[in-house]
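Below you'll find the structure, written out as structure tokens, and then a few comments.
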Amino acid sequence: MALLKLDNTTIRFGGLVAVNGVNLEVEEGEILALIGPNGAGKSTIFNLITGIYPPTDGAISFKGKSIAGRPPHVIASGGIGRTFQNIRLFGEQTVLDNVLIGAHTRGNWNLTGALLQFLPSVRKEEGRLLELAIHCLSKVDLAHKAYELASNLPYGEQRRLEIARALAIEPALILLDEPAAGMNPQEKQTLLKMVRNIRDDGVTVFLVEHDMKFVMGLSDRIAVLDYGSKIADGRPEEVRANPAVIEAYLGKGAAH
Amino acid sequence: MFLQQLINGVALGSTYALIALGYTMVYGIITLINFAHGEIFMVGAFVGLLMVGYFKLNLFLAMAIAMIFCMVMGVVIEYIAYRPLRKSSRLSALISAIGVSIFLSSLAMMVFGANAKGFPSEAFPSHQIHIGNADISTLQLLIIGVSALLMLALEFIVQKTKIGKAMRATSEDYNTAALMGINVNFVISFTFALGSALAAAGGVLVGVLFNSVSFNMGLMAGLKAFAAAVLGGIGSIPGAMLGGLLLGVAEVFGVAIGYSSYRDAIAFAILVLVLLFRPTGLLGQKIQKKV
Amino acid sequence: MFQNMLNSIDPYSMQILVNIGIGIILALGLNIITGLTGQLSLGHAAFMSVGAFAGALLTIKTGVPFYINILLSGLITAVVAAAIGWPILRLTGDYLAICTLGFAEIVKVVFLNLEITNKALGLTVPTPDTSLPMPLIVLIVVCLTIIASAFIQNSRFGRALKAIRDDEIAAESMGINIARYKVQSFAVSAFMAGTGGCLYAHFLGYINPSDFGFLKSIDMLSMVVLGGLGSIPGTIFGASILSAAPEFLRFMSQYRMLVYGALLVFMMVFRPNGLMGGIDFTSFVLRKLGVKPRGVSRSKEVQ
């Protein structure tokens, strides 16, 4: 059974059909990339999966359970972490606090815990969350910057911090929206290894990315979106040879 | 009786509508609740009062001067208190707006004193007309007439002029409008000027209607007008007109059936209910947050 | 010993000190919802009012011990806030602000019309019968409020509030139940306002619904904004300055609202993080000392 399954998923914004009857399965343990021209609806698919928008039509299921239309916090708690195309860090907070917020669902103590934070069980949980946060930071090689303000990090590190924050959910599935955007080739290479490690740790990876070299080198499978519809889906070399894909990217006539 | 109250309500409601238009236009363009808008209304009333009472000007001339004065004031306020915050969080801009509001009303208290002032009775010699069994004052008719005229003028500006088109484009999509070469700063200033002028007219009319102008009249009127704007659908100009009228009528009828001590709560009850059950108001459009 | 110390302060200074104390409690309360959670409340005076009347009525009608009374007033206020907050906290930013203001006006109008609050005449509150002197009780509540605020800020709960303040969409994507945390934060915030109101009622001996209008809410907001939204030392500082200034600076008492208005604009335009500059003292000191977070070295080994 697929970990995540989109079944005829559709969303309309007014007259615009941003995602049009997409069927897609993400298998456990794979790295799946979603590619397509700007405005194809890739980010919108992520927003549908994470509950930011409810689908107009169709179903979405995760671990066999329907999640379509559920609120984002429920979906996140269920084990889906994500990053954003336009970085959405808590910029005025420290790197560590950003990841600790990501670890929110891994704790239980609430207001009572806040007021009684000297209790051993509260301290123990807090210590555990801290350890988890540091662990996630070290996964993206940012542990040494724990006390910096997130907004003071260079762009590439901010993208990695978003990944660490999403990892702190301890998700089964992580959605990365253009994780390599704005990075130089060297940074991209590092990121590539980090994403592989994340998968090897047992987290399924679903990413959107424009850099073809990056995508081809990283993904087990690639799905292609154009004008809201899925036009191809397969192993990297299959997709690269697919005429519909070439046409979508290079315009009509290019496939011939 | 019914007709009587209806006319009372429409007269009151059209002044709410005049103020509500300023809220709605500004919100439509920069999504800021211009909290100081009620105070502009108050200042308009005072300027009108000064012109009529001190300089012995004709009511309409006084109203025109009040409108011009407040236009300038609205533009200056935007420039000083809101423009520097356009990129900050909305919380900052709102707090700044509240600051302007508090500042203006306490300034008015220092200048004009804490007691309400009345318009001289010769400002508009009003007399009663009988229609059926309703007594309608010519003053009420004046208010309804002037409000209607101003709203028509606004509608003309927004729909038919070049700057009106720019306003609509900016309100539709701020960034795209800027990219298309629209001078967004000018559009915003113009919007503040337009809204402030209408509020000033409303202030003079309300001052004459209740024969009372005071430093703290802006807060409640402003809040009610905001409630009217939300009721009609914030960002929608016809909505503000409709919301103002409905609110005025609801308030007058609420008082008529014996809830006079809850008069001010009526507007808020409506506001809260609208926000909870139909946050887009009667004529507003759904705004989808983009991620 | 405290008794002696308290007696050595003249009554006028004592009154100022108590006012400062109550100001701190109220401002710290508002800081939880507005500074920490980022939800502007323009109606916090109403919660102070609820606490004041609840406390006064408890003293008059039931005579519960004053310490329990303070707690109960806070709890009653928190329940009222949760009931109001549950529907309206779904609204975004500025709509919420206007709604809180609307509710505050409704509370005022209702209290002005209720038999039990003695309508527009207000209530005379008897001096509570306590073993400790009133100023000392205020001091204790101030300390507890500061501790509670600091604890909340540095906890999983507080982190969730700050996440909501900074970016709701990112926060909910991290599994934070925004609606629930907003209501809880609102209730905690109102609890503090309620205890402050209760103390205010008993210290002053007379309360009137009109005392708790919009301007009172602005008083509190100015305190929080002056010191810096979200900063506990800042809020204490702001509350102290603004509670004491009208007593010392004659122009401040006359032109208080004028100054507050200008202050709000000035702070937002030039110093949005407050006079203290929004310095987070703890992590600032830690960073200066070069302290690494606990656990850094340990997880490095894991890799």
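All chains are identified by letter, namely A, B and C, in their written order; residue positions are counted from 1 within each chain.
FYI, a contact is a pair of C-beta atoms (placed from the backbone, for glycine too) under 8 Å apart; a residue touches a chain by one contact, two chains touch by 3 or more.
None of these values were measured; they are calculated from a predicted model.
**Student:** When you average C-alpha coordinates per chain, which one falls nearest the overall C-alpha average? Tell me, please.
**Tutor:** C
**Student:** Taking each chain's centre as the mean of its Cα atoms, which chain lies farthest from subunit A?
**Tutor:** Ranked by distance of C-alpha centres from subunit A, the top chain is B.
**Student:** Just how far, in Å, is the C-alpha centre of subunit C from the one of subunit B?
**Tutor:** The computed centroid separation for subunit B versus subunit C comes out at 33 Å.
**Student:** Would you mind pulling out the distance in Å between where the CA atoms of subunit A average out and where those of subunit B do?
**Tutor:** Distance between chain centres: 46 Å.
**Student:** Using the average of all C-alpha atoms in each chain as its centre, how far is it in Å between subunit A and subunit C?
**Tutor:** Centre separation, subunit A to subunit C: 39 Å.
**Student:** Which subunit B residues reach two or more other chains?
**Tutor:** 291
**Student:** Indicate the residues of subunit A shared as contacts by at least two other chains.
**Tutor:** Those would be 52, 84.
**Student:** Two-or-more-chain contact residues of subunit C, please, as numbers and ranges.
**Tutor:** Correct list: 169.
**Student:** Show me the residue ranges of subunit C that touch subunit B in the complex, using the header's touch definition.
**Tutor:** 34, 38, 40, 42, 87-88, 90-91, 93-95, 97-99, 101-103, 105-106, 109-110, 112-113, 169, 214-215, 218, 221, 225, 229, 255-258, 260-269, 272
**Student:** Note which residues of subunit A are touching subunit C in the complex, please.
**Tutor:** 50, 52, 71-73, 76-77, 82, 84, 88-94, 96-97, 100-102, 104-105, 107, 109-111, 113-115, 117, 125-127, 129-131, 134-135, 138, 143-144, 146-147, 165, 169
**Student:** Quick one: which bits of subunit B touch subunit C in the complex? Just the residue numbers, please.
**Tutor:** Where subunit B meets subunit C, its residues are 31-33, 80-81, 84-85, 88-96, 98-107, 109-110, 219, 223, 226-227, 230, 261-262, 264-265, 267-269, 271-272, 275-276, 279, 289, 291.
**Student:** Once bound in the complex, which stretches of subunit C touch subunit A?
**Tutor:** 148, 151-152, 154-160, 162-163, 166-167, 169-178, 184, 188, 283, 286-287, 292-296, 298-300, 302-303
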